[in-house]
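Labels run A, B, C, D, E and F following the written order; every chain starts at residue 1.
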Amino acid sequence: MFEVLRINLCSPLTLAFALGIVARLVRSELALPRDLVTSLSIYLLFALGLKGGVELSHSSLNQITGPAMATLLLGCVTPVTSYLVLRKLGRFGIADAAGIAAHYGSVSAVTFIAALQFTTTVGYPAEGFMPTLLTLLEIPGIQVALAIGLIQTARSQGTTGENFDASLRRSNRELIHELLTSRSMILLVGGLVIGTAVGETGWKPVQPVFEGMFKGLLTLFLLEMGLAAGSRLGDLKKAGFFLLGFGILMPILHGALGAWLGSMTGLSVGGCTVLATMAASASYIAAPPAVRMTLPEANPTYYLTAALAITFPFNLMAGIPIYFAISKALCN
Amino acid sequence: MKTVPLCLLTVIAESVLKERLVHDLRSVGARGYTLTDAEGEGSRQRRVGEILGANIRIESIVSPEVADRLLQLISNEYFDRFAVIAYLSTVSVIRGEKYV
Amino acid sequence: MKTVPLCLLTVIAESVLKERLVHDLRSVGARGYTLTDAEGEGSRQRRVGEILGANIRIESIVSPEVADRLLQLISNEYFDRFAVIAYLSTVSVIRGEKYV
Amino acid sequence: MKTVPLCLLTVIAESVLKERLVHDLRSVGARGYTLTDAEGEGSRQRRVGEILGANIRIESIVSPEVADRLLQLISNEYFDRFAVIAYLSTVSVIRGEKYV
Amino acid sequence: MFEVLRINLCSPLTLAFALGIVARLVRSELALPRDLVTSLSIYLLFALGLKGGVELSHSSLNQITGPAMATLLLGCVTPVTSYLVLRKLGRFGIADAAGIAAHYGSVSAVTFIAALQFTTTVGYPAEGFMPTLLTLLEIPGIQVALAIGLIQTARSQGTTGENFDASLRRSNRELIHELLTSRSMILLVGGLVIGTAVGETGWKPVQPVFEGMFKGLLTLFLLEMGLAAGSRLGDLKKAGFFLLGFGILMPILHGALGAWLGSMTGLSVGGCTVLATMAASASYIAAPPAVRMTLPEANPTYYLTAALAITFPFNLMAGIPIYFAISKALCN
Amino acid sequence: MFEVLRINLCSPLTLAFALGIVARLVRSELALPRDLVTSLSIYLLFALGLKGGVELSHSSLNQITGPAMATLLLGCVTPVTSYLVLRKLGRFGIADAAGIAAHYGSVSAVTFIAALQFTTTVGYPAEGFMPTLLTLLEIPGIQVALAIGLIQTARSQGTTGENFDASLRRSNRELIHELLTSRSMILLVGGLVIGTAVGETGWKPVQPVFEGMFKGLLTLFLLEMGLAAGSRLGDLKKAGFFLLGFGILMPILHGALGAWLGSMTGLSVGGCTVLATMAASASYIAAPPAVRMTLPEANPTYYLTAALAITFPFNLMAGIPIYFAISKALCN
């Protein structure tokens, strides 16, 4: 276990993230150009999709059905558990609770990638179709949480009935369109389809870019994530102790649930670890703008700090090995 | 040259609002707009901006009536809940009919 | 502080015109300019911009005479055939002699 | 809508001054600012800009008193030695109390 | 033939282009940062030049003279045929006809690259000096078409004589300077010279970037091309049926002419295919700003839609295999 | 010697720099997007640090101590010699002399990299810990020169005493903080630490990006340097003959000093060459903003032209081989 932790902590990925945090702590002017960050995230998502697609072409539909169901179930359960814990135990308001829940119901692609890398490094590579599951988990969690938020707000204000229903449905349609056609969905799903279509032969000539450069560019991206997380550290105090605990314990709970569902549906140890990580991770790309637009009353400090400055580093440094240990225990 | 006075409305807002504001402009009757990227700080503290990109700055030359409708709309829909400011000034344009 | 009123001319144009407009500014007597990238929509529909980069926004503080000459020139040479708008406002500057 | 007139101070400066100018704004009492990237030429020739990035354009809505203090400060500290210009105009805002 | 079409359609390049179009059709917010697009096109042109230069160092002047003449001839003929067809059959105005003709007289670097890739894949690699021909074809076509446009406009307005001549010559001088020192010329020609000078030894250490990464980054660029083409699809209706036919048939005609001239001057099947593709392709990088500045009366909707949303995808998907078939027939 | 010069001149690096200059001379519109340039320099510094760190993990502290002392000594001596020569022989004012001296006291990372590449190519690879020395030399030279400038200015204006001391100390504290937390320091030092920590195993997966792509991307960066230097060529006349001579002779002097100190402290021929190059090179990334802020009276035309348009190309084309020849002579 300690060896596993050491491997995880001493990778360029984790250390680049730490470097970003340190740079912010010493108030360095270091900043990656915004266009570089956007370009890196476009690259990572597309490469992830392509690679996943190529490997998907070796998988049978049979293998996927179970894990896919498990993933969708996670997408419905995790936002609800998050919301309830935040409301009942954390005494957060409706909007804030729903906003944070939307983040924890969705998934962080970088954490997902880190888990993929980790399982490969420790010799338990995950199934090839994991990126397909990623696309399945990205959206429903946001949806469910925002719907809860809108409905509860309306109820608490007494505006129910037909009018509200119609407006809810309309804003929901817009939101679903936005999420389905979001950058990450297009690149992931598009990459998956292209990867499946071209197979190994078509993949060969683009492999140097989309596989060879992957870890290096991911390292740069984690540097940026570290910078972003570092500039959120000051907000930890405003977020309070409850959110700190929530950002660590909730992922462990969701991770255990994910690992269990994974093992039930026949995933390997690596696959379980990755599914657990997906369940445990909190989105900070897709969820924030959706929450900002739909529940503007929710305070961004809470959800961004929790997702980016608490849960992301926790998962990166300790979470993934924990989910791996749980998965190993469950699969034997 | 002969010029006509018109209103120049400037809106500075967090960038998630981009599509909505452009839509609003059109809906109250603005005939065009110009948009630049910006950053900034205001009375409210650092916001969602960081990951989502920072602010946008929208300028639109409009008639006084349209300007008023826009200010009304922005102050009703956005001022409380979003990081938005808006202000008016007077500019002289040629081809005044282009903008109204 | 003691300030003098001068004209602030703003030109928004499709970006292929960048070099030409800067040249025109100089030729009619502007002593400086500031340029930012912008995007926008106007009464004419989407243009060549897409591949060529979008709009530019040029600001120049000038004397009223220079402003008039510039407006004249822009309206003769560009308004019909290019996506360009221009407008004037009044600003107060220190060191007025720097701009004329 | 009911609006109040306030001063819009615009400062265009070489980009090394970014942090210092933002600090100065805050120190004389500005409640917010908006910043965009820009390039430009003025009466002084091409400067350090080339490698260090070009100009910045800072806008701040302030009360006349704050505007005056800022102009004073900028003209004392920067005008001689740095590439900086500053100008004032009048704008109408809603929620006037936000800016003073 | 069908196998060849399949290979072409199932490459990551073509599919990335298609993904871009689909993203626009579903109104996705996906957009590549402008600086990334510029960077990619700088990279592609420079890499193309370097690679071409290294291979040029193995070629003899002897081999090149014939094909170079053929290329220059194409640069004079294709804008004229285009102009005449657009005027006489299409009933376009002078400015519009000349503007479109300038695009079809010049060449699209990405289409050129796709043809290079294609001929290599099907086992008929083109000569090493093809990028040299590319630089020869880029400019004259634009020149010829714009000159026609200016002269015809002047004639139709009755402004002939010395004054006009002088102003035409002046604006022509500016234009030639602009085209000769344009980004693509500097990068292509500069790359060619550097590549020739450094040879294989100097090429080795930069090969991972300028060759290894080429296809992958080209895939990303085609994603952007797809986005651009996709947002032009709505303009197809405005462009009209004539332009649709023109954008498909004219390239086939020019392609056949190119293939024939290539085979006359001793190019291999691969070389003929690439020369044919150059003749058939329409510029959408160099031509648009030149036309916009010189013939502002020409409607950009026509020339951009034709070049980008009709001819480019046609060449990418069906044109290149067709020119290959023609070349094969002519060379045997 | 001539063979060595030829190798140096015929590398893609030097030629890309030349291409940039040519592009400016023919007034081409070619420009690399600013974000690309920033991204490239972030990449180069971080890769340099990482690579250096991995190699540092094989070095003993013992080996480094001597060369580190030599480097710090160079950081104190070179700004003083530069200042004195500029004041006494060049008759420059205090601010201008100190401003230029700050550039020559610091170091140019790209020149450093070019020297590393050169020594490897000619078969005399430098020690693995050279990037560590780079970080040691970057700051003190700027510091020393600016302190001289501030003190001399104060003395010449008669403002001495406690007040001045306090204000000098304050502005010095700010400056040191700024330099220590500058982008290049964070990336270099951060990279060194990460590289040392992860060692060869952690380096492997990121090697394709941080080593494989290095020379290619450096070539692109040198294209940009050429563009920047090219647009400074017009200022050569304003800079005057003295500065031209200074920009060539001072580096040779500093280079010889560096080579001698290197050989005294046991560096190999390659190591001496690189240390000499560091001493000889002039900073144009870290120094300019520091000088601009601290000594605004200094004319940027002088220091930028000298560092970028005179000394950088001189070192790139002729300087490095000269320092190599000196080092070879000294080490035998």
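Just so it is clear, a residue touches a chain if its C-beta (ideal position, glycine included) is under 8 Å from a C-beta of that chain, and two chains touch if they have at least 3 such contacts.
All of these numbers come straight from a predicted model, not from anything done at the bench.
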Fewest touching-chain hops separating subunit D from subunit E: 2
Of all other chains, the one whose Cα centre sits farthest from subunit F: B
Contact-richer chain pair [A-B vs B-D]: B-D
Copy pair subunit B, subunit C: interface residue numbering same or different (half cut): different
Whole-Å gap between the CA centroids of subunit A and subunit F: 42
CA centroid of subunit D to CA centroid of subunit F, Å: 35
Distance from subunit D to subunit A - Cα centre to Cα centre, in angstrom: 41
Subunit F residues counted as touching two or more neighbouring chains: 33-35, 208, 212-213
Junction residues of subunit B - those touching two or more other chains: 36-37, 89
Chain pairs that touch, as defined at the top of this document: A-B, A-E, A-F, B-C, B-D, C-D, C-E, D-F, E-F
Subunit C contact footprint on subunit B (complex, rising order): 1, 3, 6, 8, 22, 31-37, 61, 89-95, 98
Of all residues in subunit A, those that touch subunit E in their complex: 33-35, 38-39, 42-43, 46, 50, 177-178, 180-183, 185-187, 190, 193-194, 197-198, 202-203, 205-210, 212-213
Subunit C-touching residues of subunit D, taken from the complex the two chains share: 10, 12, 36-43, 55, 57, 68, 71-72, 75, 79, 85-89
Residues of subunit E that touch subunit A when the two form their complex: 10-12, 15-16, 19, 22-23, 26-30, 32-36, 208, 212-213, 215-217, 219-220, 223
Complex contact set, residues of subunit C against subunit E: 14, 16, 20, 45, 47-48, 50-53, 81-82
